[in-house]
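One structure is given below, encoded as structure tokens.
The chains carry the letters A, B and C, assigned in the order they are written, with residues numbered from 1 in each.
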Amino acid sequence: MSTLREIRTPADPARGEQARPPRFTRKQINTAIWFAVLMASTAIVLYPLVWLLVSTFKDNSEFGQNQGLIPNDPTFDNYAKVFEGIAGVPMWRFFANSTVIAVAATFGTLLSSSMAAYAFARIRFRGVGIFFAAMIGTLLLPFHVVIIPQYIMFNNLGMIDTYWPLILPKFLATEAFFVFLMVQFMRGIPREMDEAARVDGAGHVRTFASIMLPLIQPALVTSAIFSFIWTWNDFLAPLMYITSPDKYPLPIALRLYNDQTSTSDYGATVTASFIALIPILLFFLVFQRFLVAGVATQGLKG
Amino acid sequence: MFNAHKRRSILAAAALTMAGALTLAACSSDSSDPESSGSDGGGEGSGEEVTLDFAFWGNDVRADLYNQAIALFQEEYPNITVNSTFLGYPEFWEKRQTEAAGGGLPDVMQFDYSYLRQYSENSLLLDLGPHLGNEIATDGFTDQILSIGVVGGTTTAIPISTNAWGMYTNPQLLDTVGVAEFGGGSWEDYQAWMAEVTDASGGEIYGGTDYTGRIQNFEIQLRAEGNNLFNEDGTPGFDEARLTEFWESGASMRGDGASGISQQQLEEIAPLSGFGAALTASELTWDNFGGGYLGELGESYTELGLIAPPVTVEGAQDLYQKPSMLHAIAANTENPAESAMLVDFLVNSPEVGAIFGTNRGLPASADMRDGIAFEGLDEQIRAYEESIADRLGDAPPVPLVGYGSLEEKFRVLGTELGFGTISVEDAVSQFFAEMDVILGS
Amino acid sequence: MTSTVPRAAEATESLGEPQGSSKRSPRNETQRSRHWRENLAGYGFLTPWLIGFFGLTLIPMAYSLYLSFTSYNIFSPPEWIGFDNYARMFEDPVYVNSVKITAIYVLVGVPIKLAAALGVAMLLNYRDRGAGFFRSSFYAPSLIGASVSVAIVWRAMFSTDGPVDDTLSFFGLEIGGWVGNVALVLPMMILLAVWQFGAPMVIFLAGLKQVPRELYEAADMDGAGPIRKFKSITLPMLSAVVFFNLLLEIIGAFQVFSSAYIISNGSGGPAGMTNFYTVYLYKRAFTDGQMGYAAAMAWVLVIVVAILAFVLFRTSKMWVHYQGDSK
């Protein structure tokens, strides 16, 4: 592994500063502009979310009537109602269900997709072209037309009203999005990196685990973020496979305040969906930090 | 970072998890098998321990009511466990469609009239004939109401509740603009009254909504003329000319400065309705929608008017009672007797009636109605359905397969007429083309 | 580069062309055993995907292809009707309209969304300190799932006297609310997609993190300006990610469903302006019970997008640069 160490000399953090004469004013001006531009665009992008947050304090009857930001008559009723739970199922239960599904799905996606991506990007084997095309092909078919056949399959496996139809596919890399994403990142890694390891006698398993995975960390972090958030928000799959209300994940629970055939509580809906955002926002806050400290940013030779 | 050893253990863990998945799945399908437990010899059914799956649509409020009702049921029949599940209306039906295709319908379902024919004709629903008068008491039902759940000579569903077409008005709004309640009369009279309200308010509010967007208004006009919307054999009871006439009759209620609220404004306030947002003073709809409107209107509105729709032909029996909901049992249930007991409890029990009030509509069974102390809007609805007795005719044939699609198509074309993005002529030809597809298949 | 290890990833470049090892005659035993080892490793790594593909994806896909040639209402067995479903699409005005608005949505929405995502990603990449807050803020709109809240908030933004209307009026553009204006509903939906540009932005960011800093430092020493650095370093180094985002956003935009379904409450209105391809397909499949017609619609979409993807893959050879494939 000596070759590796030579290539991966850590970057000197001070180097950039030393290379240039100190031009503080220009840099400060640039940073100020940078900050101003980002602040302005952030304000625009966040306004609808602020509106949503404030409207959790609106009475149900204000929805559709008062489209302004400020509630006419601020109230905590929506929160009180949401924390009561739905039909005897406490709210935390839906959060727990969603967490279990999302954590398992994310783990499965990372594991199976990175393996498949490594095969597509770095191993030359018979049929790789056909399978790659097939993998891209699975992206193209609208999900809705395979709902019924998939339901029949999982029904025959006796998996209805369990989380397995939601989790098992993730361990089998059925989401081509992630496989393709990782393929693209792996192909961006200079081949010298793994070839050096191969010359040292490392097999594919070791090259994959100790060279490739660390190098595509930004892609893994990205995939983890998306996989977690998308699973958290997935509505259609749990709708099909989960029948017991105490096993519902959040996206289904959120809709239970609305019924077009009787009454809808928009206040509770908005409040519940806002609270549902908090865990994934935290997840994003934690994981986005790894986008900075990617190993790959350290001294790769181009 | 990852090393080979760690990775191996991850793989091992994954393999274990998957193996666990299969075992778990196998276990759970075993344990849900009702045959496995002993009996305790109570109740009218076999008395064995059984588990019933029960599905309904509704919001959190209705779910709470069902929970209370089912708790009562389980008190009475301790050997029967009821697992209930609920969803919003569109999701409920998407899931049922999938289950119907995949063979997994719940034992007992809250059912909708517009899907009844489809599920019945495909033998997905249990023939309730043998259970009528046994597990399911029928004394509380009139023959006319019981006959609503009969498809092709077989009773496959029991009505929970009935509703009828009616007209809601907002007395408080009418007071503000100083126009008297609509005193009844023809459709032209109604349009004139709408214009009066709109003018009196200076365009602040509207007399109503363009009613030609709702197929039910078309239907009662057809019924008044002695026709059906659709006949038992699936043919329409109207031609292009009649539909053209109907849609053209709404011209004065559409567009800018019209007597009806504009489609544009309706779009802006959605998901609220114009009536629910206090922008219109009247709305033709099913009489069980009142509670929803009161909820939308908020605390500043406490009462609604409920009167009969305009008259097409004097003395005609154009209105009818339709089940707002029914209960049905899946044909492949393993516990037909216990399922029938649950249905009986949910449609007849006065205690259940006391729990629900009119949440599911005006109860069809007199036994259940006895359990309810009607007051406020509930009493208004009860009195309304009594007051229109003269105009109530026989219910039309159970809706055709695909009726729901046609109803929605009719509504969508109505909104497009309101936007002016389609001509009446094109709308008519699109509707007939859709009928060809739906009725031909 | 003394290549002793065979380069494999070319296979992904030549989409649809199986990598025939038969083309190369085995020179010696080592070569042959290496082929065998490579095949073994390839299928080993691909095992989970293969199980998933053959076990969970392929059968339902094939079944839906079969259904597209049948009349199938979910309840009775499918009935073979040949190409009738496909022929029917061309005479279905609602279908034609849904194709039209979906095409506009893709053609206009995807470039704007990607440009916004790339622009913001590059701004965020300018420095790391403080970027975390902005990164999270820009991603936040993409966190909202397909809940009724999206419909409520977006309708409020674009209603008469809502913030968008007020802002435009301030600049003298009195166009009123967008929600009820048939001509402005599609732009409103496109803006919703652009607002949720977090996913491609994060992917661009991850890609930018992989660009070696030394390249920029070297360019700085050569005195290259920001535009030249963008053109000769950022774009080529990012091209694999640009390609990914472009392809996936196109596919995603063609399949736009949840936002339109929720905003229109499932109706595809007003006046069919949110009746996108997949929304219409869904209504046909589940509301109208015309599974065969819906399957045919799905497969027409597959073919169209597959052709687009194929063309993209072909042209990508000219502009996508893979560091791992350097020749």
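In this section, a residue touches a chain if its C-beta (ideal position, glycine included) is under 8 Å from a C-beta of that chain, and two chains touch if they have at least 3 such contacts.
Note that the structure is predicted; figures quoted are calculated from it, not measured.
With centres defined by CA atoms alone, the chain at the far end from chain A is B. Across all inter-chain contacts, the pair with the most C-beta pairs is A-C. Between the Cα centres of chain A and chain B there is a gap of 38 Å. One finds 15 Å separating the Cα centroids of chain A and chain C. Multi-chain contact residues, meaning those touching two or more other chains, occur in chain C at positions 74, 148, 155, 159, 265, 286.
Within chain A, the positions touching two or more other chains are listed as 63, 111, 148, 171, 205, 255, 258, 260, 266. The set of chain B residues touching two or more other chains comprises 90, 94, 101, 270-271. Chain B makes touch with chain C in their complex at residues 90, 93-94, 97, 100-101, 118-119, 121-122, 124, 262-268, 270-271, 401-402, 404-405, 408, 411-412, 415-416, 419, 421-422, 430, 437-438, 441. Those residues of chain A that touch chain C in the complex are listed here as 11, 15-16, 19-20, 31, 34-35, 37-38, 41-42, 45-49, 51-52, 55, 63, 67, 111-112, 115-116, 118-146, 148-150, 153, 169, 171-174, 177, 179-181, 183-192, 195, 198-199, 203-205, 208, 218-219, 221-222, 225-226, 229, 232-235, 251, 254-255, 258, 260, 266, 269-270, 273-274, 276-277, 280-281, 284-285, 288-289, 291-292, 294, 296-297, 299-302.
Chain A contributes residues 59-65, 86-88, 104, 108, 111, 147-148, 151-152, 155, 157-162, 164, 167-168, 171, 205-206, 209-210, 213-214, 239-240, 243-245, 252, 255-266, 268, 295 to its touches with chain B in the complex.
Remark: chain B residues 1-4, 6-7, 10-11, 14, 17-18, 21, 24-26, 28-29, 53, 55, 57-64, 66-67, 83-91, 94-95, 98-99, 101-104, 106, 269-272, 276-278, 291-292, 295-300, 359 touch chain A in the complex.
Chain C contributes residues 1, 3-12, 14-21, 38-39, 41-53, 55-57, 59-61, 63-64, 67, 74, 120, 123-124, 126-128, 130-132, 134-149, 152-157, 159, 161-163, 195, 199, 202-203, 205-207, 209-210, 212-215, 217, 220-221, 237, 240-241, 243-244, 248, 251, 255, 257-258, 265, 278, 281-282, 285-286, 291, 294-295, 298-299, 301-302, 305-306, 309, 322-326 to its touches with chain A in the complex.
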